[in-house]
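To start, the structure under review is shown below, and the notes come after it.
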Amino acid sequence: MISLMIAIPLLFAFVSIVFKGLAKYALPFIVLLNILILLIASTPVVENIGGWKAPFGISLVLDDASYYVVLVVNLIFLLLSLIPQIIDKGYDTIILLLLTSTNGLVLTGDLFNSFVFIEITAAAAYILAYHRNNPYGAFKYLIIGGISGSFYLLGTIFSYVGAGSLNMAHISNNSFGQLTAAIAILFILGLGVEAKLFPLAGWVPDVYASGSSLTPTILGTAITFAIMYLTGRIFITVLHGTFLDVLYILGLLTVIVGEVAALRQDKLLRALAYSSIAQAGLVVAAISLNNIDSLTGAYFHSMNDLTAKFILFPIATVVIKGFEKDRLAGFAFSVASFSLIGFPLFAGFRSKLLIISSAFSAGNYILPAVLFFASIVEAAYLLKWNIKLWFEKSDTSNNIPWNLKTIVLVLSILLLIIGIYPDLYLDASRKIAQSILDTQGYINSVLGGI
Amino acid sequence: MSQLLLILFIGSFLVYLLTRMNWIIGVLANIGLAIYSFYRLFTFKVGTSESIFSLIVNQNGTLVYSELSKFFGIISLIVAISVYFFLINWLEKQKNRAVFNFFLALITASTLGVFFSGDLLTLYIFWEIMLLFSVLLVQMGKEDSKKAALNYLTISLIGSYMYLYAVFMLWNRYGTLVIKDIVQKISVETSIFKWAVLILIAAAGIAKSGIFPLHTWLRTTQGSSPDAFSAILAGQLEKLGAYMLVLTVAVFPSLKMFPVLYGGIPVFNYVLIVLGMISILIGTLMAIKQNDMKMLIAYSTVSNSGYILIGLATMDKIGFAGGLFHAFNHAIASVMIFLSFAAVIYRTKTSKIDEMGGLIWKMPLTFITYLVGIISLAGIPPMSGFISKWMIFVVLVKKGMFLTAAAAFIGSVGSFLYVFRPLAGVFLGQLKSKHKDVKEVPIFMLIPMLVLVVITVFFGVIPGPVLNMITAVEKELNIQPLEHTMTVIKSSVGQWNTLTVFTMFAVGFIIAFILYMVFPKAKRIPLTNQYTAGEFLYNYDLYHYSTRFYAFFERLYEKHPSVEKLYEMFGKFFKDIGEFLNRWFYSASPSAYLLWFSIVLLAIFWVRW
Amino acid sequence: MIYYISIILIGIGVYGLLSQKNLFKHLISLALIDTAINLFIVSTGYINGKEAPIYSEFTPIANFVDPLPQALVLTAIVIGVGVLALGAAMLIKIKEKYGTLNVEEIRRGDK
Amino acid sequence: MRRFLSALIALGLIIILLEFLNLIPDFGNVDLSKRVSNSFINKSVDGNNETIEFKKSKDLEDGSANVVTSIVVNYRSFDTLGEVTVLFTAALGVGLILKGLRRKRFYREPNFILKTANGILLPLIFLFGAYIFIHGHLTPGGGFPGGTIIAAGILVLYLSNEKFELSHRAKILESGMGTVYVLFGLVGLILSGIFLRNFLPTGVIGELFSAGIVPLIYVAIGFKVGAELSNLISEFQKEGQQ
Amino acid sequence: MTAATIFVGILMVISGILAIESKKLLDSFIFLSLLSLLSVFLFIVLKAPDVAITEASVGAGLVTAVLILALRKIGGDEK
């Protein structure tokens, strides 16, 4: 059944190039169907595509982790489908393809298959990056994305050579000494580019700040979340935590660099892009602490971040004249910024708190310090933008479409609710964390107790 | 207490809605809330504790009502109520009234929350709420208040994140955040841990109350925030810093935790005293230079926070009481001063000293408020401000800390200089022609100012009620209580009878008044004649200069090193790094991306293979 | 042996990406790296003395090299072409927008 | 200088990869029995223990003689679906990116030889392409090279005939064939509850009509890839709207 | 076979370097195509006829075609 979540959007994507405009109208229904499938599914589900059993064929795995990640991803696409104004003509099919590939990326239990889906995602992302005539940024992304894809492929091949299979559970079940380190290096390079880690991912600001509201909104939320899931899955479940310390250092570097670079931006979108980089770095650093609390915190924070970014990015592209006439949008924007900074009562505070406390109990005193530094810098520039936008004199409103306004408002209220009553996100992220840490359970459910 | 906080938080939303409908009703509702909580402060029993929502697993937030919370709660509510009264007229000229009122109510609520907090994390949460909304209020002021707000935010966040870091160090060590439990356990820790924790916690207080290394935000923030809010900032929010300092020096038993250095003062407290000393000097010297009257008082706040810190850090029965009493006095006095400034600005639309003058006849009651305020602030006998300063002096002399005493003395003398400057520049001298039609401010603005005058004079004569509260606090914190009666403060070097002093002053005043009445009066001449020696004045021009008042003195330290500039340098440094990264890394060519990519690969390989 | 060839080719591709200033050369280098990696992948499946993995008149009974890497490479080649075509299309647009394909001139034009 | 540094870094990369080589088996010394492909070759994923002989073994779990094809279109068919999607995305993207380009169509008066040869060669090219993807399960080749060869024919058409424009039907073909692929999977899902399950008899290994849905899917892929690449080429060739 | 492999390998390396370093882009494409064709030979040596056919048609043919078409659209060589 769960393969339908990949097949149906793909089918509609194929059909939609003949029946133009179909994709736009079909998108919400497809996503709803996906969510319906998720609701009737009970974890763990392992579906062997083509009927070939686990280490041989390709298996789709819906365990707790992928369940919630897919759910979040689909909800994001649902929200996106409700604001069709930001999807330009022709790009609706790309969104469908992106939905396909993101679902596939999360559900697949096969390394090479995940490579294929990463490449589809990347190809769609290159096209999205081009959106609004940004060819140079997109081209740069394409080159570095292509290189990282090659390295990911090399990592996959090394795993195959080591374990004799491409199945994640099977690879996780084998141990192959020094080769693991080589695989980990290759995967760090392969995933680091998509996960926006500092020295690897220079493409982000040029792509996110191209002026399109679609590109950062979808790349910075759903895709980032899926990549974070994949990072946790590969480095913790499959590779048993090899080279997490390298990821940790890269993550911390990313946090610092992202925030500092954001400080002097005179374009809001670019500042937000850097904030996105920094948050991704924080999430990766927290994942790399490799314990239940830090992983929970990491995914919790990632969810808060994507909720906030789904508010910030569309508004940032639409609003030019300030919030004087668009108070509701301004309210949502401010709530999202406060949540990102991590003020108490807002959602981001809870996740940062969790990350900090888990870091301390793991005996790590550096991550909290970096996090605090990052929060200070982030507070400085985000509040600067808030103040600037709130007090910009304007007589006309920005013509924010009503559905976008409603969505950002709902999301901002969600952020407030999460800040006070975090169980909604917390349970999901705890499930994700548990399931990612439970290597043996994963192997058993995929390989059937071999 | 949780009930009161809930009422206040929900009430503030109500205030928002009411203000949207009619702003006067909103202000009244705000006053009502403040008065209600003032009343409730006296109904709570000291020592009760409640638990509220939990933030970390297995860790309930707790609220505890102690003498300390009562004392600080009363200070901040007095400040709040008087400023809210002031708003009844003042708010008319403010934009976004609903939001203004809403934020004020939230700030009061969260301030009380801070005082009630029984564990460190709850304290942090209320602290941050207060910080966020005060930042949002600050930027509603003048044009440069936007930048000031960011400055304020950054420095406050540095303090509060340092605090949070310490909180988690403690949490990690003990698994509890309740202050009472931690206090019992911490005295046996290794000294590095103790130092780290206490310095980090003190940082929050230092940042908030404007002690030396983190004082730079005060000038711009108080200078450019909305005028009525400056009063709140000085009277209510900076006392949060004092509260935090009390927490570090007294609630955490610094006497038990650290070895005694000199005069019975622990090493840690001595470090704080040095910081306080530097603050007094910097605050005084910089205040003398300011031309903007609000910025001037902002620097005086720095120096007065220094007094408070010194008093508290001595941990002596008199010194500690003096610190607390000075916190009280400074809150009241600075509110008076800022309200009178607000009144002046309300009428004249400027805060530059050299653009004003001669307002004494136009706004006499405002002048009286200001006069009493500065007398108290500068520590001239009949007002309460003198008593607290005297107590601090006494303890410094007793302990033989002459260097600190000298600094405090310089600060006192300096304070005469700087408070006189607005007095002369704004109220005395020649009335500017554009201010000819200035009237006294409306009645609701006068009422709180005059009530505060009465309070100051009253506690200057009969400091007993406040001292009673202070001795209760001292008892609670295991410090020997101050010996005092209603009007007499006893110390080892002598005693101070406020009533006698007041009587003496009153008698002197009456004698002077009688002499003034009896002796023949000099001929009254127009003010302008003073400048022209009786020549006829053709044009009404400016003859009264109040710029560069103390130029001769300022010249002595013109080229002083400035922490402010240092921070600016840091800010610029980070920005430059950001620009560098943006330019040479994030906007680079694909080759550069790949270069970094390869470097990471090589580095990982180099280090780990 | 073929391992070494493919690794050297990867190195050449990386060298090309690092040293060239023309964006078209970057795309060529990317294609070169793709080819090299494909070569590498296929060679991981090679076994001495075995035949191509097709049942036929000549090899009626299984005596085959590892077919899986070959299947993966089929996929990888096509993916590579897709990315390459996208890149070529973007190059056309870059030329239209900036009037040049030289990295440094684009950078100057951007400022 | 730049070149020297680049060469140095590339050299470092080469050294690292060479270091990695020490960790994997030497060239040509792979122990196939440890790998899953052993089961693919012997078609024994579902537990078949008999040795397979060309044109003799019947009703195997997978009936294509070309083991690579059996992996690509059957064992790991899902990858291929993804691969088709990448190509689809790329073609679509090229269309989106080049839309509204202000450039003239590249055209040079075709050579006489090209024009004449075109008439003879083109059917042969198409035939060859079709042959390749129809026999994909028996001989080397398959949908991708077959489709590419067809697209090459289209390219020749473009070069030789200035009036030639790819009709909209190519898009329909592309879309339709993609749909067919997914539908094959869905039929499997409906019949046996498993996506992309082979639901046709596999026949005798080595025969043309064998291997269940494999040749059918390969034909679909062939047409799809052919149409897709033709579209791609025509996007590069087309005149932009002014 | 080994000698032939080494020879082809050396040719590949040379054509790779030429593809990157040649002044004219068209030459680069030709050398890239040549490299693909040489790799086809290696694929055959590695007993991978499927890959060889695909690489020959896709890598050597289509890639070159796409690149040349793109180059024409750009308006010929620069440098």
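Letters A, B, C, D and E mark the chains in the order given here, with residues in each chain numbered from 1 onward.
Note that in this section a contact is a pair of C-beta atoms (placed from the backbone, for glycine too) under 8 Å apart; a residue touches a chain by one contact, two chains touch by 3 or more.
None of these values were measured; they are calculated from a predicted model.
Enquirer: Return the chains common to the contact lists of chain C and chain D.
Expert: Touching chain C and chain D alike, sorted by label: A, B, E.
Enquirer: Looking at chain pairs A-C and A-D, which one is connected by more C-beta pairs in contact?
Expert: A-D
Enquirer: Which chain has its Cα centroid closest to the overall Cα centroid?
Expert: Chain A is the most central one.
Enquirer: Cα centroid separation between chain A and chain D, in whole Å?
Expert: Between these chains, centre-to-centre, one finds 31 Å.
Enquirer: Any idea how many Å lie between the Cα centroids of chain B and chain D?
Expert: For chain B versus chain D, the centre distance works out to 75 Å.
Enquirer: Where the centres are mean C-alpha positions, what is the separation of chain A from chain B, in Å?
Expert: Centres of chain A and chain B (C-alpha means) sit 45 Å apart.
Enquirer: Rounded to a whole Å, what is the gap between the Cα centroids of chain D and chain E?
Expert: 19
Enquirer: Considering chain D alone, which of its residues make contact with at least two other chains?
Expert: Those would be 9-10, 13, 24, 35-36, 40, 66, 68, 76, 79, 82-83, 86, 89-90, 93, 97, 101, 103, 140, 142, 144, 232, 236.
Enquirer: Check each residue of chain E and list the ones that touch at least two other chains.
Expert: Residue numbers touching two or more other chains: 48-51, 54, 58, 62, 66, 69-70, 73, 75.
Enquirer: Send over the residues of chain A in touch with two or more other chains.
Expert: Within chain A, the residues that touch at least two other chains are 112, 116, 119, 123, 126-127, 130, 135, 139, 143, 147, 160-161, 166.
Enquirer: Let me make sure I understand the interfaces: which chain pairs count as touching?
Expert: Result of the pairwise touch check is A-B, A-C, A-D, B-C, B-D, C-D, C-E, D-E.
Enquirer: Taking the complex as given, what residues does chain A use to touch chain D?
Expert: It comes out as residues 3-4, 7, 10-11, 13-18, 47-53, 55-58, 90-91, 93-94, 97, 100-101, 104, 112-113, 116-117, 119-120, 123-124, 126-127, 130, 135, 158, 160-162, 164-166, 178-179, 182.
Enquirer: Quick check on the complex: what are the chain C residues that touch chain E?
Expert: Interface residues on chain C, with respect to chain E: 1-2, 4-5, 8-9, 12-13, 15-16, 19-20, 22, 24-25, 27-29, 31-32, 35, 38-39, 42-43, 45-46, 50-54, 64-65, 70, 73-74, 77-78, 80-81, 84-85, 88-89, 91-92, 95, 100-102.
Enquirer: Sort out for me which residues of chain D touch chain B in the complex.
Expert: 9-10, 12-13, 16, 19
Enquirer: If you look only at chain B, which of its residues touch chain A in the complex?
Expert: Residues 53, 55-56, 124-126, 128-129, 132, 135, 139, 146, 149-150, 153-154, 157-158, 161-162, 164-165, 168-169, 171-172, 574-579, 581-582, 585-590, 592-594, 596-597, 599-601, 604-605, 608-609 of chain B touch chain A in their complex.
Enquirer: Under the definition above, what is the set of chain E residues touching chain C in their complex?
Expert: Of all residues in chain E, those touching chain C are 2, 5-6, 9, 12-13, 16-17, 19-20, 25, 28-29, 32, 35-36, 39, 42-43, 45-51, 54-55, 58-59, 62-63, 66-67, 69-71, 73-75, 78-79.
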